[in-house]
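Paired with subunit B in one complex and with subunit C in the other, subunit A is shared by the two complexes that follow.
Then we have the complex of A and B:
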């Protein structure tokens, strides 16, 4: 399971348990889960599926409010398209509509498990495509407290995972980077919901101190997939935070692969971006 | 009157002692509550416009007070770009970031900033410039190549010659900077860096000044007291007797400082000098009293009776000299500088308190001394005078000779004085008005050394901010209302009434600033579009277009034209050598643009469209330090900050920058609607210096006028009043003339001294003239005889006093803080010069025009005696 996933609009329906199932059902589940405590590989795999791979494809509209430590506010509005491929491969397309001066800016990700992801940013005002260097994956995504890597998810194989606690509601997993020099954190801890498999909270620590925290504040059932619709990313050092709200989420729309090509950077696929 | 006071104090000496003790204990009890304030910013009142603006700029652009740490390498070839040096820089940076009170994520050094570079065409990378220190010389050389491509850092984080690297350490509270600077020095020592480590920056200078000021208060004032005590013991040959003025001075200092602290005033650079001022001034009156007493007293006489006579003779000059001194200090209240006002008011109070104590405590003290002690004292003094071996008698011979010289060669002396005055006036015209709080330390002080070294290597450790603000077009809210109105009208005509909805959305969208409001409004309209029918949606879209246009137009500092103007202005300042370096949004955008487009120097330019600028900024925000953007532009993009690094904190240099900007703006008018303002501590120092110069001139002139009127009142004569003003006029002119000739800058301490020197230097003239008139009357109107009598005891008292005070200030000369040294030299100079001038110029003037002063004939009628005599 991976850190903070920005866009957890999807989720594995078969693991999802509708809330309100009753105390008995809950007790049964809890009991059985504890009895056959799944191993940590399965937990992180399911959580990864729940937050990044729900359905075959998906679409969502996001609004981002970026508040810095001094209370300055910036906003971003964008539409996000996603399509799953073979062997965990994925493609993401993020098209900005607001503020006006960044309208037409498009962000494209090819997620390549086992290798570096490819990321492009098209800037219409300069008419140029900027490739994001792999080393920059943990830098700010368009000025927010969310990192590029959070958009499409951190690779599971980049960390070693350890189940440190199982509570009534969560699996608590500690992840330690295999290559500590490539990231700014020493470790991160994730609280994975035992019903939905959504990672509800991730805390990043260095020098034994938590400095960054992702929290899912709202989960909705959409097309049968529990979907995080409100996510908060906090920078505890600066006191700033970014709040992302996802709306109009939908799954299994049949978005074609051709939407996710470099051609779409200059010619955004209007058909899929507009509601 | 004087006699009444003296006799009362002698009779009720227990009551006098009790009152003094009660006063000292009651006020002294406040002293432990002392609060130190070393912030030069407080030279301006809290509500002063420039200061208020400066504070708002700090908030708007997230600007912190900054400590500057510099590592200077001895390696001539690679300089700081050596794996060991960079490892040291890296380690020290991390240590500093972990320190309490440091704004860790704003620390700037090679180890905390991003490199922006084109890795291969099409890929630009924001990667830590030095996340871990390079391990090989080759890697270090690569780092050098990277840094030299980054205009934002070259000259700031590394010197252009590569010899020095800097760490800029923003701190939360500038009053913490001495502590943090000390910890940085310790950390550097622990790391065993091969490089020389220098620490400077205005907050360090200020805070360190505060710490050392405290030490000076604890050293200089007692040392001055000790020295004054020793000199008085030498003159008066009696420890018990001399204890009286010492106790008096201590009581004055403790009561005054206690009152100041008790009334809730902070002890600023100025008020820390109050003890040092009061100590010598408080004993002046006592020296006159004791001098007169020892001259009058003969064995067998009742000391109480003698003391009553002494006070009777001296109370008028004591009251008047104290009043004039007090007026000199009180005139500082007219200056617009709060710490100077406080200083003036409380020294004025202290002087008056010392006067009261001289007239009451001194007689009471003498009254309880055993007669034997007094006999012994007087016997010793007189024996020395008779034997002619004591210094005192050399003094009396010398003084008498001065008197003869003055009377005989009056005209020659006056011509000499006139010539000297001419030279002094020339000197005054040469005075340079300049100040720099860093120069308040001696040249050998660590802070001064760091200042010199770092400013030689870097673009500058002094900062000023040039802020451009768009004030055109009124506020966004009213522009929005005006532009939305026609759309709403047309919509109503088309049968869609959106008026109420629009108002409601507007009200709900109210944000922190106009930009946030517009953003919220656009979101709200966007949402609304999906809830309404097609007709209504069309109207809403028109309203959305209005809001969007307005929102883009409002982003002044995304306009390429305006950014180019900024770039040109910066180039003008840098080329002209007025500033070490200028950084602004224009540099940030140009650097990002270059790396986005080609990486070539030709693309170091502002993009052609506002959207291009916005997207370059958006790219920059993907770096590890997106917040750095807000140091250069406000979040509504309506104001921008050009950060100027100056290699000198001198006010004159700051003024040159201001003039250069004015000249540029005159030749290249600001884009329409933009206004230009200044902020930053170097600028603030210039502002208060300006107010100081003006304020001090007013204080000086008004003190002069008041003292002149007091002199005319005291002597009931215009001519004697004028005569009394001569020595001080000459003294003040002479001192400032010398200062101008020697090239000493007219700075804060000097400015303050101007007004108060007036009040001090008139003292001797008052004593001299008063005693001269009495002596002439006693001599039956023979002014020559009267003059020679004045050159006995009275002239000796004046000389003794001048020596006591002049020497009393000398401990200040060894202080490590320049303002203290300045005050020491100045006051010693004033005392010495005004004593000499009084003893030479006054006799020369009266001997040249005796009729003007002693009537039509040389022998004066009895009724021409001084008004004071008649009153007595």
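Then we have the complex of A and C:
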């Protein structure tokens, strides 16, 4: 099932409803201004699709430059493969090529919306496939300032979303966690591009102060999908940041499901990993 | 030579560690990228040949004197590892080799840890030929169906965890089906564990009834190199939903020299056939694992030959869970059930208090805490056997100073009521270790 296409059909149907006969009825009740602005649920759903579900599958090479608060630098380089499944399920394969001590390490993730993800890690020195206990997804992804949740997406139903402003370019959405004890933030605000639906900036706040900020610094149109190709994650408390750059991205390659299995941990699929 | 090392080595290891420390700021500069990302060679095509490596200085100091071994260090070495990989259209060739200046043995040694070709002759088949490290099974530092060679001497003396696995000269065929996969591993010449032989670590010798060290180092006789003595290991496995299941079979030998040839008066390796099952999957927010193995001691099925180990039934249950942000707790219960215990006890030729129990219970507890974006990891692994009344405590600290430089410190601490038990025999080998590794 082509999820994103289905989603677009749904959106189109909804749009027709709003702008056609339905809109007339709605306009009578709520006023015409609201008939043109999508509601916040649609905004966050479309932003989620644009960020994490573009195409049926995708491939990208990524590099992180991690600078800690005292200015020391580390690097991570990896290739990421992704395939969408049904009902928001996804599979990810992340194969590291740099630095030396993590080279050959491979991550396999089955993302299960509404449930725990299944995660495996391959350690080449021991030829060991380790299953990783599910847990806090708001912890460092391979030593960077990026969290696991920033890579595979936060569940929309974990937060209450509120459209607080519509500017010429952005929908500004404030999200408040339904279970505040499970996360380190009190709220986060996202600036979503009205054309591409990409979240261009997210600011995480606690005690009414922003302490963490994600900014997309560059967007490219790749295979018809607007793609954030350069992203900055700042830790304003420590002064550290991670710059992530994606290159050689491609979508709808027809990556088979069998690529996302234990076989690829022990024997990374060069056909898909190499450009 | 040995004496020269003895006098010089403390200084050498210290100098090696200092040199690594001094190199770190230089290395950091080397790694800095030319300001602009766009100038970076990232954009170039990856070359077919690539190479890597590290230099590591490691020392481990005994926490108490060992009456069987005079040396006060269990590990003292400077190691260079080089690794090369060549990617051809048809597959991959990789070689990994170590050169070691070893202060404990007083020698320079080298070892090829990996030399293999990896290719896929058919769509569903992967083949790996040559010297390689092999691992399967679900246990955390407990091995039931993983009968591939281990290097306990390295692990217990303070080397990196990677050295717990010794390489095999083997052929591995992996076939991947829709729901079922099959691994077949053939090792033409039996590859035993690198057992504790008295050179670095002392061990309990049941014949002498005491803990002994080298010289003489324990030198067991490996089986002759015949086709019939080849090792065969099979694993049939799959993923059903989120549950991983596997069936295992093995034909070969016990990895430890637990048999004895009375005619020649040497330790040997007894024949072993094994069958097993494992399950692993999510449970209540964590990961459980369950594994069992039945060891058939083919040369002593009745269990009344004192020179051949008895068969065993082994059982393992484990659970791991994240208890708080960055804090993980893992625990395991492990059972060894000696088969034909009455025959074993009757025929046991040595002191009664050195006899194994019919049931050996073991529990493990692992705590790990990751800090500073995983650059600092604190961990402790604890093994405790209520039946043997012995324990092994292994605290570790890993500090990743930079992408190039990593420090490891920790300890291997053993204690036990009796010399004859698994951990108890190592009591005088307790050590504290420190390693510094520069990767390039």
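One rule holds for everything that comes next: the second predicted complex is superposed on the first by the 233 of 275 C-alpha atoms of A that agree within 3 Å, B and C clash if a C-alpha of one lies under 4 Å from a C-alpha of the other, contacts with A are read in each partner's own complex, and residues count from 1 in each chain.
As a working rule, a residue touches a chain if its C-beta (ideal position, glycine included) is under 8 Å from a C-beta of that chain, and two chains touch if they have at least 3 such contacts.
As the structure is a computational prediction, the values presented were derived from the model and not from experiment.
Looking at the shared chain after the overlay, A:262 reaches subunit C, while subunit B stays out of its contact range. Look at A:75: by the touch rule set out above, it reaches both subunit B and subunit C. Contacts of A:118 after superposition: subunit C is touched, whereas subunit B is not reached. When both complexes are overlaid on chain A, the residue A:143 reaches subunit B and subunit C alike.
In the superposed model, A:180 makes contact with neither subunit B nor subunit C.
Using the contact criterion defined above for the overlaid structures, shared-chain residue A:99 touches subunit B and also reaches subunit C.
In the superposition on chain A, A:239 contacts neither subunit B nor subunit C. Once the two complexes are laid over each other on the shared chain, residue contacts for A:274 go to subunit C alone; subunit B is not touched. Subunit A uses residues 63, 68, 72-75, 77, 98-101, 125-126, 128-129, 131-133, 135-136, 139-140, 142-143 to touch subunit B in one structure and subunit C in the other. Remark: subunit C residues 28, 31-33, 37, 42-43, 46, 52-54, 87, 118, 120, 126, 132-136, 161-162, 164-165, 174, 176, 181, 239, 242, 244, 280-282, 285-287, 289, 320-322, 324-326, 328, 370, 373-375, 400, 402-404, 406, 437, 439-440 touch subunit A in the complex.
By the touch rule above, subunit B contacts subunit A in their complex via residues 59, 62, 104-105, 119, 122-127, 131-132, 511-512, 516, 519, 522-523, 526, 530, 548, 551-552, 555, 558, 593, 596-597, 607, 609-616, 618-619, 621-624, 626-627, 629-630, 635. Subunit A meets subunit B in the complex at residues 63, 68-75, 77, 98-102, 105, 121, 123-126, 128-133, 135-136, 139-143, 148, 181, 237-238, 240, 275. Those residues of subunit A that touch subunit C in the complex are listed here as 63, 65-66, 68, 72-75, 77, 98-101, 103, 110, 116, 118, 125-129, 131-136, 138-140, 142-145, 245, 247, 258, 261-263, 266-267, 270, 274.
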